[in-house]
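Let me begin by presenting the structure, written as structure tokens, before commenting on it.
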Amino acid sequence: MAIIVDNDTRLVVQGLTGSEGRFHGLRNRAYGTDVVAGVTPGKAGQDVEGIPVFNTVADAVEQAGANTSLIFVPARFAADAIYEAVDAGIETVICITEHVPVHQMLKAYTYFRGRGTTMIGPNCPGVLSPGKANVGIIPAEIFTEGAVGLVSRSGTLTYQIGHELTQLALGNSTIVGIGGDPVVGSSFIDVIAKFQDDPQTELIVMVGEIGGDEEEKAAAYISEHVTKPVLSYIAGFSAPPGKTMGHAGAIISGASGTAQGKKEALEARGIQVGTTPTEVAQLVADRMK
Amino acid sequence: MAIIVDNDTRLVVQGLTGSEGRFHGLRNRAYGTDVVAGVTPGKAGQDVEGIPVFNTVADAVEQAGANTSLIFVPARFAADAIYEAVDAGIETVICITEHVPVHQMLKAYTYFRGRGTTMIGPNCPGVLSPGKANVGIIPAEIFTEGAVGLVSRSGTLTYQIGHELTQLALGNSTIVGIGGDPVVGSSFIDVIAKFQDDPQTELIVMVGEIGGDEEEKAAAYISEHVTKPVLSYIAGFSAPPGKTMGHAGAIISGASGTAQGKKEALEARGIQVGTTPTEVAQLVADRMK
Amino acid sequence: MDLYEYQGKELFRRVGIPVSDGRLAETPEEARRAAEEIGGPVVVKAQVMTGGRGKAGGVKLADDPADAEAKAKNILGLDINGHVVRRLWIESASDIAKEYYLSVTFDRGAKKPLFMFTTQGGVEIEQVAQENPDALIRLHVDPSEGFQPWVARRLVYGAGVEDPGEQKQIAAIVEKLYRAFVEFDAMLCEINPLIVTPDGEVRALDSKFTVDDNALYTHPDIAEMRDTAAADPLETFAREKGVTYVKLDGEVGICGNGAGLSMSTVDVVAHVGGRPANFCDLGGGGNAEGVVDALEVITRDPQVKSIFFNIFGGITRCDEVARGILEALERLDMSTYPIVVRLDGTNAEEGRKILADAGKENIHPEATMLDGARRAVELAR
Amino acid sequence: MDLYEYQGKELFRRVGIPVSDGRLAETPEEARRAAEEIGGPVVVKAQVMTGGRGKAGGVKLADDPADAEAKAKNILGLDINGHVVRRLWIESASDIAKEYYLSVTFDRGAKKPLFMFTTQGGVEIEQVAQENPDALIRLHVDPSEGFQPWVARRLVYGAGVEDPGEQKQIAAIVEKLYRAFVEFDAMLCEINPLIVTPDGEVRALDSKFTVDDNALYTHPDIAEMRDTAAADPLETFAREKGVTYVKLDGEVGICGNGAGLSMSTVDVVAHVGGRPANFCDLGGGGNAEGVVDALEVITRDPQVKSIFFNIFGGITRCDEVARGILEALERLDMSTYPIVVRLDGTNAEEGRKILADAGKENIHPEATMLDGARRAVELAR
């Protein structure tokens, strides 16, 4: 089973002929993902190592049967690429591009939320369902197939935790990097709801960080709707208040945005929070025994 | 039962202190409609013959429990009034105002359609459920309570047909004037679907006119989803092609917009079309025997 | 409200859609001066709101100012489908390599703006739509999404425009046309043909522009573009009086309240064998003065032989209508018209009483719409 | 990117929000000239991006140009919460009858713009929110609806503004503030206080304006407003080098790839008893040159005693990072710093081998994040 991407994924890469699009598109295909098309305006008829390139996403849907899109276009073209994918009937849109202006995403978000599209990102590492499909830039070799659903706002931190799980012989159903921007297509809640419905997933790990209140909201949701065990890790305990550390999302906004505040909110709902990546992996191992 | 307005309707009139708002608001109350509030910015604290006036629709919802809004504001303020009602949590918005610019309605329509609001109009006579509630400018004395659901793009033509039905001792569940503008909140299909689900309604009369393709679409919908008998009347058989007759909506747009084209589309789906208002009333009487 | 070619092009220019240099001319002398100012060969184009002006001789190439004056002399006053040419648009002649078609219109079925584009322009677009539907790319814009660049790409690539320079220019025009459509509250913005010159330059060679009447209050400059002189004088008179009026071709003058009932009245008159002279809608509020205005409009049509008032009072009060009819009999010379009156709805009894009390010979009350129509048809014979 | 009061007011002026006449001054002489040009009493206001400048003596009334010069002399160079005053805004002094508060900000929880308005302005808004929550009207704007006039009415009536003249002016300012928020890609537009003069005129007396860094490419004029001189020199240097860097207060320099892992590394260093000197993120692509830049930034902090590289390669390749570290050892004077390196993920083995082969004494490889953190903390003692 797994969630969001799997053996039914038929991927179109928007920006396939760019250097990043090409590199990761081919890497995703090498992993076994069914990469059916690329889109670069004006380059229809070309191919990238056998992957046909189209002018528009609509053509990729009609002529190559794409149902999932991976977006690698520059930031100033990202919102347009998202709209194009959604309006072409793409079901799942995964946007890796970072530095997309907030107001553009805000408008796009309000638009695609009404249409049942699953959107991940922007500014995210993508989605990996080990053994099935890899869509994005997650280094798949760190992860093995298994029963732990992993959802995270951060890329490399996810790899760290996945790595620690692998060391303990624990595999993953799906790893979802939702992205660290203030407006992302899917929240923790959106992804956790999918894990709850996924038979392969037995336990869920939520990797949060300072800023916003998504973790607090997720805690409330989990206590009401999720029957599977959920464990968490939060980054940013040592962050000084009011300072931005990398992600625009990691701006402290009142007490609710602090790592300590999040930890308390989670624990108040019975969700254990590991203090280091190593500890959270150990907690998972204990639960999975 | 009836549809859209009934004994549960708690009405706020936007523009109650204007001359039309006052006249019809009081007339609706006199009919028995539960008119709980009026809204006129800057006039909070006043009342219109005992109906309290508020500055905002939100106040009318919170303080007077309004769940339905009747809009009588001038055209240039109508879109704003619709948004205000929808965002204040009003469930049913009925907009009488005519001459609302199409682009404004287009944007508003796209907005409120996503939120489950029932919107009727603009440029419509309103909704009357005889014996229960009258919201708008329909002269209620023409109609009696009964089993015929009546939906129409035109005001006075509806009265004419209602009158003919009354002459034949046939009453109505609800009379809905959806309005003649190019963009209206509810289509024939929206209203007919409600009639289909309404136990009081035994037969549905659809009163159409030239222009657009709403009648054709309704015919297709009816043949698939409606089990109750539907009869129809179409105005504009003698209209010269390409000429506008009053409603901006009544612009002939290709063959599908002509009265003859509509009649044929309806009859092809087994929906009888009366040639005059008198004949359609007679057809209803025959069916209701 | 429809705009002339030159007015639509003025709006195109405002949003940055390339058009040819041109001048308006209402006399042959003005045409010559315009041609002098523009320089080089020009095209003299009749400004009429109807199709087929080219076939009718309303568009001519002129080599020099003297020729432009001569051509203008020929075209001014020409009757094209009932429209008399009173204005000319003199514009720099274009070399044409290709003719495309581009429009954005309001699709009332989908409740969305609809773009249409084809590389087979310059002809009637209905013909392309029928004979070669795949060549006509249709694409809706979601109003909540607004214009996004991919829309232009779908149109341009979908229609098979191959040249990158053309692709770029057309994509820019598509975006600007949408801006014009939204900013000027248009119902239709059409460019046919959208030409490509031998140098690869893309330009709008014609314009068809319809603006939503209800939005004109936000565009006073566009509202002023209305050419009242060109409209049917009767319809202009009706507009001035605030009466919704459409001239038809028969003898029975018709007056109803509300568009639907008025339209239905026209149908019923035709159904019982009569020939309606017009469609006339008093509108929702119809007071006595409005009735007088309506009768003044209707009786200006010399074909009218009888008049049928079919009123179902809602907001309209029948007593007001009755008073209006009597007032009109006082103020206008109406003794030759039999007037059939059917009143129902709000204050119908008072209305009927007012008419009965007045005892006018040419007023014929009837109880139903159908009977009223029959009587009016009889009286028109 | 945060703007100074005077920059925010410039943007307010562009959308038509009324502000007082003012001039920028960087010297006492400029302040005097500004006061002369403005005429009448002026307020001399320190331009610093921190709160509480009034209490710190950064805002002074001046009766005449000479007084303005004197006040400017006092304020320039003042240290307000670590911000040294280098710019002054000299503006016409306002008579204040009432002080309101108005802002629109991006609410990331609701994913919508959020308006806040209260008639209890001039103070810290958090205080109003806590002590008198009903007085603070909060209202979201749906991005797909856009600004509609009712939003302003809800704010104005909700907060209990009674005067119709004020209502009208504030409603207009609300609409313009939203326009500024959207047009300038703002994350926050705040007016505190929004004053009412004794004559009933409403004006923005201060501004707080934050623009989305990611959207600056569409606003080159705003991007130029950035005052690089005022920022922490280390952070400015880091920005120039393209390194994401936040100075903290300890001894262990930290460098990770990706914000989450870097943040987590800071936490783990603190968790094992160390004091992190900084947060430093190589970012996604991190090549050798980027590593050199990061080390150059980190070693400019005199407090740093040891450095911990914690790299989990994804797009980042560990061999590149290793090469970068060696490159930095060549180019920078780094012999005094013990460098703990933990490499995992893409090309980790090659990276480890490169470091091992180099045989540098001050490079300490570690296998895990936790062990690396412990070692770096030890080495900082």
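Which chain is which? They are A, B, C and D, in the order written, and residues in each are numbered from 1.
The rule we apply is simple: a contact is a pair of C-beta atoms (placed from the backbone, for glycine too) under 8 Å apart; a residue touches a chain by one contact, two chains touch by 3 or more.
Computed from a prediction, not measured in an experiment: that's the story for all the values here.
Chemist: Hopping along touching chains only, can you work out the least number of steps from chain A to chain B?
Modeler: 2
Chemist: Sort the other chains by how far their Cα centres are from that of chain A and give me the top one.
Modeler: C
Chemist: Would you kindly tell me how far, in whole Å, the mean C-alpha position of chain D lies from that of chain B?
Modeler: Taking the mean C-alpha position of each chain, the two centres sit 54 Å apart.
Chemist: Please report how many Å separate the Cα centroid of chain C from that of chain D, as a whole number.
Modeler: Once rounded, the distance between the two centres reads 57 Å.
Chemist: Roughly how far is chain B from chain C, centre to centre by C-alpha average, rounded to an integer in Å?
Modeler: 28
Chemist: At least two partner chains per residue is the criterion; list those residues in chain C.
Modeler: Where chain C meets two or more other chains at a single residue, that happens at 142, 144.
Chemist: Would you please write down the residue numbers of chain A that are in contact with two or more other chains?
Modeler: 107, 110-111
Chemist: For this assembly, give the contact graph shape among line, ring, star, complete and other.
Modeler: Topology of touching chains reads as a ring, each chain with two neighbours.
Chemist: So which chains end up touching which?
Modeler: Between chains, contact exists in these pairs: A-C, A-D, B-C, B-D.
Chemist: Going by the contact rule set out above, which residues of chain B touch chain C in the complex?
Modeler: Spelled out, the residues of chain B in touch with chain C are 75-76, 98-104, 106-107, 109-111, 125, 137-139, 142, 152-160, 163, 180, 182-183, 207, 209-214, 217, 233, 235-240, 243-250, 253, 259, 275-278.
Chemist: If you look only at chain C, which of its residues touch chain A in the complex?
Modeler: Against chain A, chain C makes touches at 142, 144-146, 148-150, 153-154, 157-158, 164, 167.
Chemist: Which chain A residues qualify as touching chain C in the complex?
Modeler: 41-42, 44, 55-59, 77, 79-81, 83-84, 87, 107, 110-111
Chemist: In their shared complex, at which residues does chain C touch chain B?
Modeler: It is residues 106, 108-109, 111-113, 142-144, 182, 185, 187, 212-215, 217-218, 244, 246, 248, 256-264, 266-271, 276, 279, 281, 284, 312-316, 344-346, 368-370 of chain C that touch chain B.
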